[in-house]
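Look for subunit A in each of the two complexes below; its partner is subunit B in the first and subunit C in the second.
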Partner chain A sequence: MSEKTETRSPAPRPPEPATGRLRVLAPPVTGQEFVLLGVIAVVWVLLGLATPAFVSAGSIQPLLGAVAPIALIGIGMTVVIITGGIDVSVGAMIAVCSVIVAKLVLVQAGLGLLVALLIAIVVGGLLGLGNGALIAYGRVHAIIITFGTANIFLWISLRLFNSTTVNNIPDTLASLGNGAAGRTVGVPNSFLVTILLAAVAWVYLRHTAGGRHFYAVGGDPLAAELAGVRVRQRVLVAYVLTGLLTGLASCVVVAQGSNLGQNVGNGKELAVIAAVVIGGTSITGGRGSVLGTVLGALLVQTVASGVTQLGWRSELSDLFVGVAIIIAVGADLIRQRARKR
Partner chain B sequence: MTAATTQPEVSGPGDDVPGPAAPDHAESVLARVVRALLTQRIVLLAVLVVVVVVYFFLLGQNDYLTADYDFDYMSAALINAVPLAMLGFAELFVILSGRGGIDLSVGAIVSLAGMVFGFGYGQWGWPLGLAILVTAVVGGVLGLLNGILVAYIGFPALIATLATYYAYKSLAVVINNQRPISTRPIQDLYESTARSVQLPVIGEYVPDVPKGIFLFLLPTIVVVWLLLARTTYGRRVYAIGTNDVAARWSAIDVRLTRAAAYALSGVISGLVAVVTVGQFASARPDAGVSGNGMALPAITIAVLGGVAITGGIGRVSGIVLATVLIVWMNAGIRLAFEGNAGPQNQLLALGLLLVFAALLNGFATRRYGGAG
Partner chain C sequence: MRSMLSRTAAVVVALSMAATFSACTKKNSTAESGGSGSAAGGTIKVAFVPKLQGIPYFEAMNAGGKEAASKLSGVEWLYQGPTSADAAAQSDIVNSYIQQKVNALFIAPNDPDSMAPLIKQGVDAGIKVGTSDTDAPNSARELMVLMASAEGIGQADTDALMKAMGGKGKFAIVSCGETAAQLNQWIAEIKKYSQSKYPDAKLVDTVYAGEDVAKATQMGTDLMNAHPDLKGFIGVCSTAGPGVAQAVQNAGKIGKVLTVGMGTPNDMKKYLDNGAASAGVLWDAKALGCLTAWAGQQLAQNKQLQATQSVSECGLDGVTYDSSTKILLMGKPLTFNKETAGNYNF
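Moving on, here comes the complex of A and B:
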C-alpha cells in the first residue's frame, strides 16, 4: 500500500495539510445568526419608532420573561434536532411538570424554591427518559413516538388537573416570575438563567467530545457508530436533556402567573420548533447552534409582543412566525444550493 | 428433527394422527398467524377492531357502561370517522410521497377553507355545489403552496407545513375577526349532511347511518383508492416515495408528482372543512386547530394504518380500518367513564396505540424485513 503511493505519485503532491485546514467547527456566530441579530435590531428600532412604549422597561421585561421558557426548551430541542430527531411532546411535558409543581407549592406551602425546581426537573427528566429510551432503543421514528407520548403526557396532566384550574398559587417561585422579586438589575432572572444555560450548552456543543458527538450522530449515525460514538446513548441523552430543561421551563411558566389553566403548554412544542429552525438549526440533523435558537425565540416573541402593542389582532403574529420560518429556512436552502455549485 | 416430523405426514395426511404431526402443524399455523399479525397491518387492525367491539359489547351487556354499546350507537359514532378518515387519506398521499413527507397544516387548512365556505355559502348565498367546489379548490391551492415549498424549493416537509400551519391558522382567525359564521343556511347544513338517515330497502334491519358517510367518506374512499391503486399517478406516488432517484431515472416528474400529493392533501382538507362546518352547524375559525388540532389525529391514523413514515408504503384499507378502530374505541371509552375521564382516557388510549404501532413496525421490520 505505502509502496504503491510512493511509486505512483512522486511529484504533484497537493499541499493539503499546510493551507487548507478543514474546518470542522462552524464559525462562533454564523451568517444566519448575524442576519437574525440584524433583523431583531431592525424590528426593535421600527417598533420603538412606531410605539415608543415598546422600548420601555415595562414592555421589554415581560418580553424577555416570555422568551425564557421557549428558549430554555429550545436549548434541549436544538440538541435533539441536531441528532436528527424531534420532540413534539414538550408541550404536554410542560403541562405535566407545571401542574405537579403548582399543586405541590399549593399543598406544601413551606416548600423551598430549590425543592420545587428539583422535583419539576426530575419529573421532566423522567418523561424525557421515556421518550429517549423508546427512540434510542425501540428504534422508531422520533416524531411518531413523541406524538404518541404527547397524548400520554397530556392524559397524565389532565388527570392531575382533575378538571379544574389551579388557582392562587403561592409565590414560592417568585424569583423566576414577572414581579420585582424575579428581576436582577432589571433583567428577569428567568432570562438570565436561560442565557447562562445557553452559554454552557454552546460551549459544550462546540468544544467537548460529547457535544461534537451529537453532530456526528445527526450527520450520519452509521458513520458515527463506526467511529466509536455511542449513538444510542447520545440520542437518549438528547431527549433526557430536553426533558430536564422542560421541567425547568415549567417552573418559569408556573411562576409567571397565579393561576394555571388546563391548556398550559398547548402548542408550545411548535413554538419551540419554530424558534429552533428560525435559528438556523437544520431539521435533517448535523448542523445547528444554541445561540441561533435563543435569537429565534427572541424574534418570535418580539413579533408577538410587537403585534399586540401595535394594536393588531394577536393572532396575526402567527402569520409573521410562519413567514419568518419560510424566510429563515428558505435563505438557508438557497445558500446551501449556492455552496454546492 | 425434520425427518421425524415429515414421516407421519407422508404416511397419511388424512388420518387423524395426534402424535408428532399435530403440534408441528399447530406451531406452523401459529407462526403464520403471528407473522400475518405483525407484517400485515390490515390483519392486526381487523383483529383489534373485533377485540374492541366484543370487549365493549360485553361490558355493555353486563351493565358496566353508562349506555348500551349497540349497533345503533356504533353507527352513530361513525360520524366522527368522516373527517378523521378523510384527513388520514390527506396524510396518506403526503407521507407516501416520501422524503420525510408529512403535513402539519391540514387542520389549519380545514379552518381557513371552512371560513371561505362560511363566507361563500353562509353569507354571499352561493349555491351549495359551487361553494363546495370553491372550498375544495381553496384547500387545493393552500396545499399546493406546501407542495411547491417542499418539492420545488426543497423545504423539509415538517418545516414547510409548520410554517403554513401558523400562517393559515392565523389567517383563518383574522379573516372574520375571530367570529364564527353560523347563518341560517349553515345551520341547515347539519340537517342535510350530518344527520343519521335510514337506509333504503334494508333500512329496517340495519341501524341508521350518518349521511356524511355516503356524501363524503365513501366517495373519497373510492376516489382515493382508484387514484392510488388504478392510475399512473398513484403508481408514481409510490415510486417517488420508495426511491425518488430511481423514479427520476424512469422519467417521472418527481417534483410535480410530489407537489400534486400536497395539493391533493389540501383538496381533501377543503372537503373536510365542509364536513366540519356541517357537523358543528357553524364555520368556526378554529375548527381544525382547537385543542390538539386535527393534524395529530390524522397522522396517528396514518401511522396506525400501516403507512411507513419513510414513504412508499401504505394502503387505503389500512386507513379505513385504523379509523374504524379509533372511532369505535373512543365511542366505547366515552361510555365506560363518566364526566371528563372519558375524553381524557381517549388520549391515553390513542397515545398507547400509537407507541405500540410504532414499536411493532420497528420490530416487524427487524424480524421479517419490511412491514406490510
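Moving on, here comes the complex of A and C:
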C-alpha cells in the first residue's frame, strides 16, 4: 500500500537530458503531417493546372464546407483513438442529433440558432457519456460497445424520423451552411470553427498534463494508472468530447440542406476514422495529432472533388482513399518497428 | 472479477433489451392488420417487402396498398421491410412471408440476383410471387408491377430539363449507385433520347453520389466548377434530385443552372419554390402501392390480366399488361412543378 502511494506522488526528479525530452514530445509538425501537406499541395497544384476552376473560390469554399463536419468529429475521434479506443457510433449519433435539431428544434419548435446548437451539443455529449461510461467502467472493448450503442442510436433516430423525411427546414442555421450567409471573408464559418477547435485541441493535447495523459493511457494504460493518471476518467472524457463535437457537426449537416432523410450520417463513422488514420494517428493508440486529422479529411475531400472535376469515374476516389489508408497504416507500422529497434 | 462479470452481464442485458424493444416496435408498426395463419374465410393476403421501410416513398406505397385493401373485398395488406437497404435483411423478411404462406408476395429487391432463389422457393411453395417498383428480371417471378417504362422516365426527365434550358446547352447527370440497374436504364434512355430529340444539348458527365444528399450536392458543385458553361442537371434518384438543386442554390446560380430531379414532391417543394429546381419527375407512389395490392388479388384468384385495363379502385386508367415479359405497366411518369407539387403527400 505504501509503495503505491509513493508512485502516485513521485519525488521531484532531476531535469531530463534534452534528447529524452524530444522523444517524449513529438515535434510540432510530424513527418506524416509534412508528407500530407506536401501531397495536398501537389494535388492542388496538379488539379489547378488540369482544371483551373478547381482553385477558384467557388470550388474551394464548398470543399472546405464539406470537410468541416468530418474534421470536427475527427478531432474527438483522434483523442479516442489516441487512448487506444474507437467510436463507430458517430454516424448514428449524427442521425440522432440532426433529427432532433431539424425536426424538433427547428421545424416544430421554431427555436433559434444558439438553442439549436446548445441542444445538439448537449444531446451529443449525453450520447458520448453513455459510450464513455460503458467503455471506461464496463471494461468491454470500445468497438463492441460503440457498435451496440450505434444500433441503439439508430433505433432512436428512426423512431424520431417516424417514417417521414424532415422537409422545409428553416434556414436558422444558414451561418453554418454552404451558402453565402455561411461565410466570413470568403471562408465557410463551419471550417473556421473547425480550425479554431482543432487549434485548441492541438495545444491542449500537446502542452497540458491533462492532454498528455490521453497519450499515456493509449501507450500503456497500466503504466499510466501506476503513474497516477486517472485512466477511466480520461477515457470517459475522450468519448464525451467526441459526442459534443458530433452534436456540433450535426448542426453543420442540417445547415447544408433543406431536407433531412433517415439515412443521414450513414457510413460517416468510416469517413471520420479514415481521416484520422490518414492523418497519422496510430490505430493502436498512444500517438497522433488533430492537425493530421484535419489534413486527412482535407485530402479525402480533395480527392473526391478532384475526381469529379476531372471527369474521372466516381469510384476512383474510393480507390485513392483506400490506397491512402493502407499507406498511412503501413507508414505507422514501419515507424513503430523502427522505434523498437 | 465478480464485478467485471456483473458489469458485462449488465451491458449484455441492456443491449438485448434494446434489441427487443426495437423488434417489438417494428412488428407493431408494420403488421398492424394482425392475424396470422392460413387464409381463413377466403381472405387473400398480399404482402409487400420494400427495399427499406421508413422512407416516404415506400410509406406512400404502403398507404396505397392499405387503401386498396379497404376497397377490394377480402384482401389483407401486409408490409414489412428492412430498416436499411440491405439485401440479407430483406431476404429474412421475404423468407418469413413465405413461411407464413401469404397468398401473393411482392418484392422491391435490393439485390435482384440474390433474391432470385428465394423467389423460386416462394413459387414452389405455391405463393404468387411478383416484383414491384424494382424488377428481378432473371427470376421466376410471375409478375412485375412497373410504375413507368424506362423510355417514359428518360423522356420525361429530358423533356422537363430541355423545356427549362430552351433545348440547348450542356447538362450533367447525378445518380445514386453505379450498379443500380434501373437507374442505369433511365440514364441510357436520357442519353439516347436527348441525342436524337435535342441535338443542341450535350451530356457532359454522369456521376454517382450514392444515397447521400450532401455528396450529391458536393458533386454537383464540382461539376459546375469543372464546366463553367454547364446549364442543367438531372438528378435521377431521390437523393440526387434535392442534392443538385441545393448545389445550384449554394452557388447562387438559380436561373442560370437549371435542375430536374426525381425527388419526392415533399423533398423537391422548397427548391421548386425558390427556383433552384424547375421540375420534379416521379410517379404516384400511392397509386403504385394500390396497383400492387390489386395485382396480388388478381394473381391469387388466378384471373387473367387484360392487355389494357382500368383499375378504378386506384383511379388508374390504361394499365397495360405485356404477357411476354409479364410486366404490368401503371402508366406514364408524372412531371410536377411548384404549382402541382403540393397535390401529393409523400
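We adopt the following convention: the second predicted complex is superposed on the first by the 307 of 341 C-alpha atoms of A that agree within 3 Å, B and C clash if a C-alpha of one lies under 4 Å from a C-alpha of the other, contacts with A are read in each partner's own complex, and residues count from 1 in each chain.
The criterion applied here is as follows: a contact is a pair of C-beta atoms (placed from the backbone, for glycine too) under 8 Å apart; a residue touches a chain by one contact, two chains touch by 3 or more.
Not measured: the values here are computed from a predicted model.
Bringing the complexes onto one copy of subunit A puts subunit B in a clash with subunit C. Of the two partner chains, neither subunit B nor subunit C is touched by A:Tyr239. In the superposition on chain A, contact of A:Tyr215 is made with neither subunit B nor subunit C. Within the superposed three-chain model, A:Ser56 lies in touch with subunit C and out of touch with subunit B [touch as defined at top].
In the superposition on chain A, A:Gln309 makes contact with subunit C only, not with subunit B.
By the touch criterion defined above, A:Ala180 reaches subunit C but does not reach subunit B.
Contact with subunit B, but none with subunit C, is seen for A:Asp318 once the two complexes are overlaid on the shared chain. Contacts of A:Ala150 after superposition: subunit B is touched, whereas subunit C is not reached.
By the touch criterion defined above, A:Ala66 reaches subunit C but does not reach subunit B.
By the touch criterion defined above, A:Trp202 reaches neither subunit B nor subunit C.
The superposed model places subunit B right into subunit C at 116-124; the other stretches listed in 62-70, 116-124 or 152-160 stay free of clashes.
Looking at subunit A, you'll find residues 134, 138-140, 145, 148, 151-152, 154-155, 158-159, 163, 266, 315 touch subunit B in one structure and subunit C in the other. By the touch criterion stated above, subunit A contacts subunit B in their complex at residues 86, 134, 138-141, 143-145, 147-155, 158-159, 163, 266, 270, 273-274, 277, 283-284, 313, 315-319, 321-323, 325-326, 329-330, 333, 337.
Across the complex, subunit A meets subunit C through its residues 51, 53-54, 56, 58-59, 62-63, 66, 134, 137-140, 145, 148, 151-152, 154-155, 158-159, 161, 163-165, 167-168, 177-180, 253, 256-259, 261-263, 266-267, 301, 304-305, 308-311, 314-315. Every residue of subunit B that touches subunit A in the complex is listed here, in rising order: 100, 102, 104, 149, 153-156, 158-160, 162-171, 173-174, 177-178, 291-292, 296, 299-300, 303, 309-310, 339-340, 344-345, 347-348, 350-355, 358-359, 361-362, 366. For subunit C in complex with subunit A, the touching residues are 4, 7-8, 10-11, 15, 18-19, 21-22, 25, 29, 53-56, 59, 83-84, 178, 204-205, 207-209, 211-215, 217-219, 221-226, 228, 239, 242-243, 246, 249-252, 264, 266-267, 269-271.
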